[in-house]
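In what comes next, chain A is part of two complexes: it sits with chain B in the first one and with chain C in the second one.
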Partner chain A sequence: MSYKIGIPRALLYYEYYPLWKEFFTELGAEIVLSSNTNKSILNAGVSSCVDEACLPVKVFHGHVEELKNKVDYLFIPKFISVYKKEYLCPKLLGLPEMVINSIDNLPPVIDVEINLLKSDDNLHKSVIEIGKIFTSDNKKIKLAFDKAISRFNEYRKLLANGVIPIEAIKVYNKYVNSITTLKNSKYKILVLGHSYNLYDEFLSMKLIEKLQKENMKVITPDIVDIGKINHYISKLPKRMFWSFGRKIVGASSYLIEEKAVDGIIYISSFGCGLDSVLIDLVSRKAKKYKVPFTLVTIDEHSGEAGVNTRLEAFIDMIIWRDRNEDYISTHG
Partner chain B sequence: MKEYYLGVDVGSVSTNIVIMDENNNVVVKKYIRTKGKPIKAIQFGLKEIKEEIGEIEVKGVGTTGSGRYLASILIGADIVKNEITAHAVAALNYIPDVKTILEIGGQDSKIIILRDGIVTDFAMNTVCAAGTGSFLDRQAARLGIDIKEFGELALKSNNPVRIAGRCAVFAESDMIHKQQLGHNQEDIINGLCEALVRNYLSNVGKGKEILAPVIFQGGVAANVGIKRAFEKALDMEVYVPEHYDVMGAIGSAILARNEVKSKESSKFKGFEVADIDYKVKGFECNDCANMCEVIQILAEDKVIARWGDKCGKWTNLSDINLQRLA
Partner chain C sequence: MKITFPHMGNTYIAVKAMFEDFGLEVVVPPKCSKRTLELGTKYSPESICLPLKINIGNYIESIEKGADTILITGSCGPCRFGFYPVIEREILKDLGYDVDIIVFDPPDGNYKELINNITRAVNTKNPIKMLKSFNRGRIILKEVDKLFEFSNKIRAYAVNSYEVDEIMQRFSEDVLKVKGVIETRKLIRRTFEELEKVEIDNTKRPLRIGIVGEIYTVIEPYVNLDIERKLGHMGVWVDKFLTTSRWVEHNLKPSFLGLSEEKKAWEAAKPYIRTLVGGHGRETVGSAIMYAEKGYDGVIQLLPFSCMPEIVAETILKTVRKDYDIPILTLIVDELTGETGYVTRLEAFVDLLKRRREERNFERVLFRS
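And then the complex of A and B:
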């Protein structure tokens, strides 16, 4: 009999889903994903989560509520660090505890700690610990994980080739075979933020799709070369010790300094502690290099008027500025 | 025959309608409290305009404000624009070298930075409504005074009282405390004006280079107390245009004029729309877990528009292509 493993479609799902899916499938388990975020998930999350958490954490609770009666195990690893000398957000560090203490009648939770703060070797320990639920054969676990990693790297190759995760995951899931490329998109917009805010289309109110419909080419930090990110982040006077911060600030610094974007939109969930620092770093840099920057704060709103107005005005401004520059250049 | 252009700005608190001539002069303006009934407000405004100036030929129509798509469907608009662009275009019409626009409306407040006549930067308030007209409305109601007298009272203050402005809830408790300490009403009202300006400049205006000429528009610009608080905080003259309360509508009328230049005729449905029986019916679609709140606009019991669904299946049923982003 194969176990059913529930993976909530929230938070780090948007970073690592293909990896865990391959790993569990190799071990003979069946993956059960929660639905795309919707109103009932949001409502369930808001009512079960502690009220001072940020929106994406609340939504995660909603996804757990949807899955809890359908699966044998819930997979909520305790992510401490995914990169040497760096941490994730404190709310991710305490995620399994938060969920276990807020939601009743949960199936067993796989809350193995993943901590690469000191060394990557710790990952193997964590992987073996997860695999033990399914088999006592350590070799089999290791082999399953190696296979998963190599397929995960294929997925990441798509990102490296400039396919944003929203589309890459569709290719991975075989919803589509190829990527539709925009014709003549003149403007490149960098959309920044934590991946779980950017790619959850319910939370971001399809902001990326709306930009693409306006014929804007969308760039997100996930498709920026990791070497460039690390190089540009090292220019900061103090080391960035958040992995998300490194990615967001490093990617934006590179693209701003290289004048590779026409505008930046930052999607942030209300009350995010990391973003309060990151937004300031990015907006200062953008100002210095005269790149238009705007912030979209998301919370429980379902009215889209606010987001749409900011988006339309931002696009208008970019086109208006651009036309004016053309005008000057022909005469001067 | 003279050419006229219609601009409509449907906002949270007020619905503003203007008629402008071909020289960008305001012929008629209407400032109507929306009171949660935008359709009624638009119809009422059109009716009044028709009675006031009789039959005229409208060459172009522009709509803006949070209800811009609704308005465009009701009256037939040639151009539907966001408030930022509309406000910038209107301000440039009065002060061609304007560099900073402060705009405070009912639920939105914005700052628009212009250089050489183009928008180079803007910001709007975040999820919080502190620093908007609603904040003042609420506190005026609490003090039991008419919002129209608010500004004049503030000018009478000669002993400033500091009131927390970061959050409307904190402001309220701070204000009550100051009242109980015995400060007089004028000083407290002035304190509220300064709190709003402080909050606006640190939240909306954060990091923006505010250069003269500065223009202050939107419904709150009627409040001389706020104008003075801005001048004190910025240490520069703040200019309030004559038609400060309908600038969004003026901007959309000007945009409409530019838009129809390349077109043969306007999409305007005529002033008769004021007499059509419009109904709004909402329902919750239960076909999936999103449970979208779908809105239907009916004219004489015929559906003319639908929106609110995430998947688009209801929107697509109605034969219009206006709600691009709605």
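And then the complex of A and C:
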């Protein structure tokens, strides 16, 4: 009998799902995903999570609530660091603990620690630890992981070719067979934010899709070349110690300084600690290089109509700016 | 060079004395006030946590008094405190202040920069002199923290608790007037003696509350609305888990000299949280457990709004509360915190603890016979 592994469709799902999926499938486990974020998941999350947490963490709790009675194991790894000398957000560091202490009657939780802060060797230890649940054959686990990694790298290649993850993941899941092709669009909009805010269509209120409908080319930090990101982030006076921060600030610095974008929209969840710093860094730079910048803050009370209005206004502004920038009224 | 630094509870007493010993001019920022907070809130990013806002207020008020060099400590994550210096520098630059900011970052493998920064700050290259002064500063830090701890105890036992306030008020006024380490220590000793003279009522059995949480909020009285004093007047003997001297000890004491309090807290927290979560999240959980084990009546967790590590801790404290059967109150502060509502919650909490104790005593009397 194969085990059912529950993976909540939230937070780091948007970064690593293809990897996890391949790994568990190779090991002969069945994967159960929670459904796309919706109102009832949000409500369940809000009521089980502590009030002060940010929206994506609350939503994560909602996904766990949906899954908890359907699976044998819940996969909530304890991500501390995914790169040397870098951290993830403190709330992700304590995520398994938050869930375990907030939700009752959970199935066993796979909360293996993933910590590459000091060295990459720890990864294999963590992988073996996860695999042990399914098989005692270490070789098999290793093989499964290697296979998963190579498929994951293919997925990454999709991203490097300019397919934003929201589409890449769809391609991957074979929900949609073709990538939405854009007509030649004149304006490039950089949409910034944590992947779990950007690509969760419920949380971001399909902002990316709306932009594309308005014939804007959307760029997200995930499709920016990692070499460029590293180069531009090293210009900061202090080493950026958040992996998400590196991606967001590095990518935006590169695109702003190279004048490769016409506008920036930052999607941030209310009370996000990282964003309070990152927004300051990005908006300062945008101001300096005169790139339009707008901030969309989301929380459980966000209304779509208000966001739409702001989005429309922003798009109009970008178009007018382009058309009329050099126009000086003769009427004074 | 006129040195200044952000406020954090009583730290200014030690830092001031230490740098005065180096023969430097120190500008102590005016005590945190409404103006400090308003200045800070006005110029800081909206959603950043409260300590940065107060820091900015401190800097501006110090610069107005003539300071031109700011000393701060840094960190390398995962809490956003590590990025304070970057943002603060930008804000002050935007405001047009021409000040030098010296950051003491943890070495991160690069000791040269740290040592460079220190020599730049203290204006001497003599390591023996540096170590000596530093050690003296550490001693003052310890003594001041002891003094305040003692005052908390006396306040709970005193016949008239406001006498303690008077003495401590006089102390914080006088300490600005004295110069250097020796005079400061004398003043501390004198204040100790004054406190010992306060009339106390030994029949009192004060409630005991432990204060845990984010370090800045726990230590800086302006931010936590003077919680120690408020509770003291309600007849509570307060203990703070985090003090500056403990922080220094934890970070600088070599590990072979035994476990620091914070490491003990890590051990205590282990069943609930295995790894770091940044800031003092792990210590908060551990210290709450330690207070429960010591038989305290209650625990109060303090945090600035949107503090990431403490939110994780808050979630875990829900379970600690059940497992150890100890009431835990979480208080969140930011620039909009109103004093009245805060006091009401403290009063309600103290009432609850009193009643719990009465009920327990009552049960004991019943079942003894």
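Here is the rule we use: the second predicted complex is superposed on the first by the 323 of 332 C-alpha atoms of A that agree within 3 Å, B and C clash if a C-alpha of one lies under 4 Å from a C-alpha of the other, contacts with A are read in each partner's own complex, and residues count from 1 in each chain.
By definition in this document, a residue touches a chain if its C-beta (ideal position, glycine included) is under 8 Å from a C-beta of that chain, and two chains touch if they have at least 3 such contacts.
Computed from a predicted model, the values in this text were never measured in an experiment.
Asks: Quick one: classify A:H63 as touching chain B (first), chain C (second), both or neither.
Replies: Neither partner.
Asks: Which of the two partners, first being chain B and second being chain C, lies in contact with A:T294: first, second, both, or neither?
Replies: First partner only.
Asks: Answer with first, second, both or neither: which of chain B and chain C does A:S276 touch in the superposed model?
Replies: second
Asks: State whether A:K247 touches chain B only (first), chain C only (second), both chains, or neither.
Replies: It touches nothing on chain B or chain C.
Asks: Mind working out whether A:K285 is in touch with chain B, chain C, both or neither, as first, second, both or neither?
Replies: Touch status of A:K285: no partner.
Asks: So, A:N115: does it touch chain B (first), chain C (second), both, or neither?
Replies: After superposition on chain A, A:N115 lies in contact with chain C alone.
Asks: In the overlaid three-chain picture, which partner chain does A:D316 touch, first (chain B) or second (chain C), both, or neither?
Replies: first
Asks: Which holds for A:V50: it touches chain B only (first), chain C only (second), both, or neither?
Replies: A:V50: touches chain C, not chain B.
Asks: Which residues would you name on chain A as touching chain B in one complex and chain C in the other?
Replies: Shared contact residues on chain A (touching chain B in one complex, chain C in the other): 270, 284.
Asks: Under the stated contact criterion, what part of chain A meets chain B in this complex?
Replies: 35, 38-41, 202, 206, 210, 213, 270, 283-284, 287, 290, 292-295, 297, 299, 301-302, 304-306, 308-313, 316-317, 320-321, 324
Asks: Of all residues in chain B, which touch chain A in the complex?
Replies: Those in contact with chain A are residues 66, 81-85, 108, 116, 118-124, 126-127, 207, 288-293, 310, 324-326.
Asks: Would you pull the chain A residues touching chain C in the complex into a rising list?
Replies: Residues 49-50, 52-53, 78, 80, 85-91, 93-94, 97-98, 101-102, 113, 115, 236-239, 241-242, 270-277, 279-281, 284 of chain A touch chain C in their complex.
Asks: Given the complex with chain A, which residues does chain C contribute to the contact?
Replies: Listed in rising order, the residues are 45-49, 74, 76-80, 82-83, 85-87, 89-90, 105, 108, 272-279, 281, 305-309, 311-316, 318-319, 332.
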